[in-house]
Amino acid sequence: MVTTLVVSRLSPGRVGAVINRNVGALRSGPSYWVVLLSGFFEPLLYLLSIGVGVGALIGELTVDGRTMSYASFVAPAMLAVSAMSGALAETTFNFFFKLKYMKTFEAVLATPVRPVEVAVGELVWAIVRGSLYTAIFLVVMVAMGLTEAGWAVAAFPATVLVGLAFGGLGMAVSTLMRGWQDFDLLSTGQFALFLFSGTFSPVRDYPVGVEVLIQVTPLYHAVELVRGLCMGVPGWGLLGHALYLAVLAAVGVWFASRRLERTLCA
Amino acid sequence: MALTRSVHPTFAVLERHLTLYRRLWQASVFSSFVMPVLFLLSIGIGVGGYVGSVQGVDYLSWIVPGVLASTAFQIAVGESTYAVLGDFKWVRAYHAMRATPVNVADMVRGHLLYLVFRVTVTVLAFLVVVVFFGGLHSPWAPATVLVCALVTVAVAAPVTAFAATIDQDSYFALLFRLIVLPAALFSGVFFPVEQLVVGFRLLAYASPLWHAVELCRAATLGRAPAWPVWAHAGYLLVWAVVGVVLAVRAFRGRLED
Amino acid sequence: MADQPLIVARGLVKRFGDFTAVDGIDLEVAPGEAFGFLGPNGAGKSSTMRMIGCVSVPTAGELRILGMDAVRDGPRIRARLGVCPQLDNLDPDLTVRENLVTYARYFGLSRAESRRRADELLEFVQLSDRANGKVEPLSGGMKRRLTIARAMVNEPDLVLLDEPTTGLDPQARHLLWERLFRLKQRGATLVLTTHYMDEAEQLCDRLVVMDGGRIVAEGSPRSLIETYSTAEVVELRFPDGLEGVAGHAAALAGVGKRVDPLPDRVLVYVDDGDAALAEVQRRGLEPSSVLVRRSTLEDVFLHLTGRTLVD
């Protein structure tokens, strides 16, 4: 997620070029596992800084008649964001890289594997990796008293759904990318979602027009779903959010595999 | 043939970076300027509504100088990683310079001057925006430009030295996650470091970003910083000088033999 | 300083840890000369070039370039050198023209002068129509030409070319040679390394053959051939193929100055090919194919550095 904050300042073109010339460096690098594990620290650091640090300046917060600590308001949002960025990182940057430079897919498609299977395969890897992070994060939340163990278990599948939704979206977007320069737009968009999807303050505070706009975007639904479960307030509304995410995942995968079929098998 | 030199090699190196920058300035303006503004809106105003006031000022005014210094910090680090390693490893631009009268100190100085330029442009644009938010409260506010230039050199120089030493870009992911991000989040940008438990507070004091945040905050709010100004500035200067020495040494080590 | 040598090396040594890359060489290069370092990979050619380019400090010995000390006066010497490195290091994010202008500025040329030089050199290397294009899409030969143009941007007294045509296709090589030849005609002093014999014969007035960090032979291409080879070489193949070579070589003893059995044929180094063939027939040998050719630098090279692969 903060890859958004930090990495967005790098020029993706250059980074892309670097990676392009350094195939497999991440995997062969001495620090691969450390890099993989350190991904978990990002949402945790944000939780500690904004949730706990700024939370101390705020104290309690009342949303929809329920009063809670600011940290417990922010924590589920960080969880959702973490699921989002894990899935997006794997399906945009890495996916695009493989699509464009490594010819991985062309090699795979020379076998009886169909494009849709390639797309789903990519997505599954993204989810497995992302779920590792969210599971640890949920444990931390329980330990910090920001949610209850039972609800944490309920929230876990929700985070998997969030990952699926953004993974599908990410793949669909990747197939439309013209070049690394488009990643600037993507990361800016991702950053805006991160800041305004009810993550740090309730969307109710925004002007009505902005609020409606936010409610159309996916991270809002992800945050609402995960927060509802972590807070232990299930309701029919959560089903609506879940449905939105499920549709997004399905449409994303369908669109991506169609585009793949067209570009690779043409 | 006796060449009459009409440009110092340091500036010739700066010129190369600026020529490259001309190609990507739109993208970089977007990320280095639009993003901090979005940040101000979300955290400064959105979250600020719940915070009320900190140390006697509204939350937006309190984090403006923090976001400012943090932006400089992140541009400095971000542009001293892949770009530097790439110019050694793939582009070999420094090897090309090495074959000319440009020496390693010129390369390091040219790179740092370029970053100071980048940061200054961003900081000025940001200050103009913040004026409209009513986030500046002192005629000293323009001094933040100097502070940001100083912190830029203070962090860019050692990171440049690091980038010139390593051979694998995966180290940068570690740098960002384990050092840069914690520094950006716990150096008094979003909440006073006094809230941190003692051990972490000492780490915050060690971070150059905290000193830059203190100086910027003093400038935009018109109040004395935590330590005397010379102490904060001196600390940053030490980082800058040591960093430049390390960077020159790293460049020399990489380019010779 | 017209006739003073541009490069003087005495007992020049370069060591990397335990490995001795250059093992005490002496050489002189005169103004206007095209001087070549010839040798297999790892012979020490590039290490020597890097010391001459003042980017690598000699471990021992004396090295004077343009009358100055290579270690002490590095920047002043580099200001008057043009270097075309083995690995292209053009700036891929800059245009073709910007690459030259940026590089010219490193030498302190004014902006106007840099632009003038850039256009002139693009003309010279036939890249004017690509001036505003990116470097990335250029072919290998075009990139090499651009690198050579870049090396000329400061009107150098001495041009160093490290394997200028390695990896290029035949057309690109010939075009490049032609440009380098014109450069030489303009009076430039060229120092180049190569492991292509034809390149050395085409371009060099004088060359040294290096092997294992030492100079094993020195002279003009012609004189090297005269000294280390014979005027002609007879290549003989036999119908029994691979097995018989050793026996045939023995049977050929004394026909020429030297007999070199290869896995698939036998080379006989002789002064007169026709006379040698007559002798072969007289001895009752029946080769399946016969080729008489002039001796080349390749024969000298293989004779001096051996046939074992040194990769």
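So that you can tell them apart, the chains are marked A, B and C in the order they are listed, and the count of residues begins at 1 in each.
Here, a residue touches a chain if its C-beta (ideal position, glycine included) is under 8 Å from a C-beta of that chain, and two chains touch if they have at least 3 such contacts.
Just so we're clear, the structure is a prediction, and the values are computed from it rather than from any experiment.
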For this session: Give the label of the chain whose average Cα location is farthest from that of subunit C.
Result: A
For this session: Specify the chain with the shortest distance from its C-alpha centroid to the centroid of every protein C-alpha atom present.
Result: B
Seminar exercise, completed: dist(centroid_CA(subunit A), centroid_CA(subunit B)) in Å evaluates to 28
Exercise. What is the distance in Å between the mean C-alpha positions of subunit B and subunit C?
Worked result: 47
Problem set entry | CA centroid of subunit A to CA centroid of subunit C, Å | 56
For this session: Pull out every residue in subunit C that's touching 2 or more other chains.
Result: 92
Problem set entry | Of all residues in subunit A, the ones touching two or more other chains | 17
Seminar exercise, completed: Per the touch rule, the subunit A residues reaching subunit B in their complex are 2-3, 5-15, 17-19, 21-22, 25-26, 29-32, 34-35, 38-39, 41-42, 45-46, 48-50, 53-54, 56-58, 61, 70, 181, 184, 187-188, 191-192, 195-196, 200-201, 205-206
For this session: Note which residues of subunit C are touching subunit B in the complex, please.
Result: 16, 53, 55-57, 75-76, 78-81, 83, 85, 87-94, 98, 102-103, 105-110, 113, 154-155, 157
For this session: Spell out the part of subunit B that touches subunit C in their complex, as residue ranges.
Result: 1, 3-9, 12-13, 15-16, 19-20, 23, 91-93, 95-103, 255-257
For this session: Write out the stretch or stretches of subunit B touching subunit A in their complex.
Result: 24, 27-28, 30-32, 34-35, 38-39, 41-43, 46-47, 49-52, 54, 59, 74-75, 77-79, 81-83, 85-86, 89-90, 168-171, 173-174, 176-178, 180-182, 184-186, 190-191, 195-196
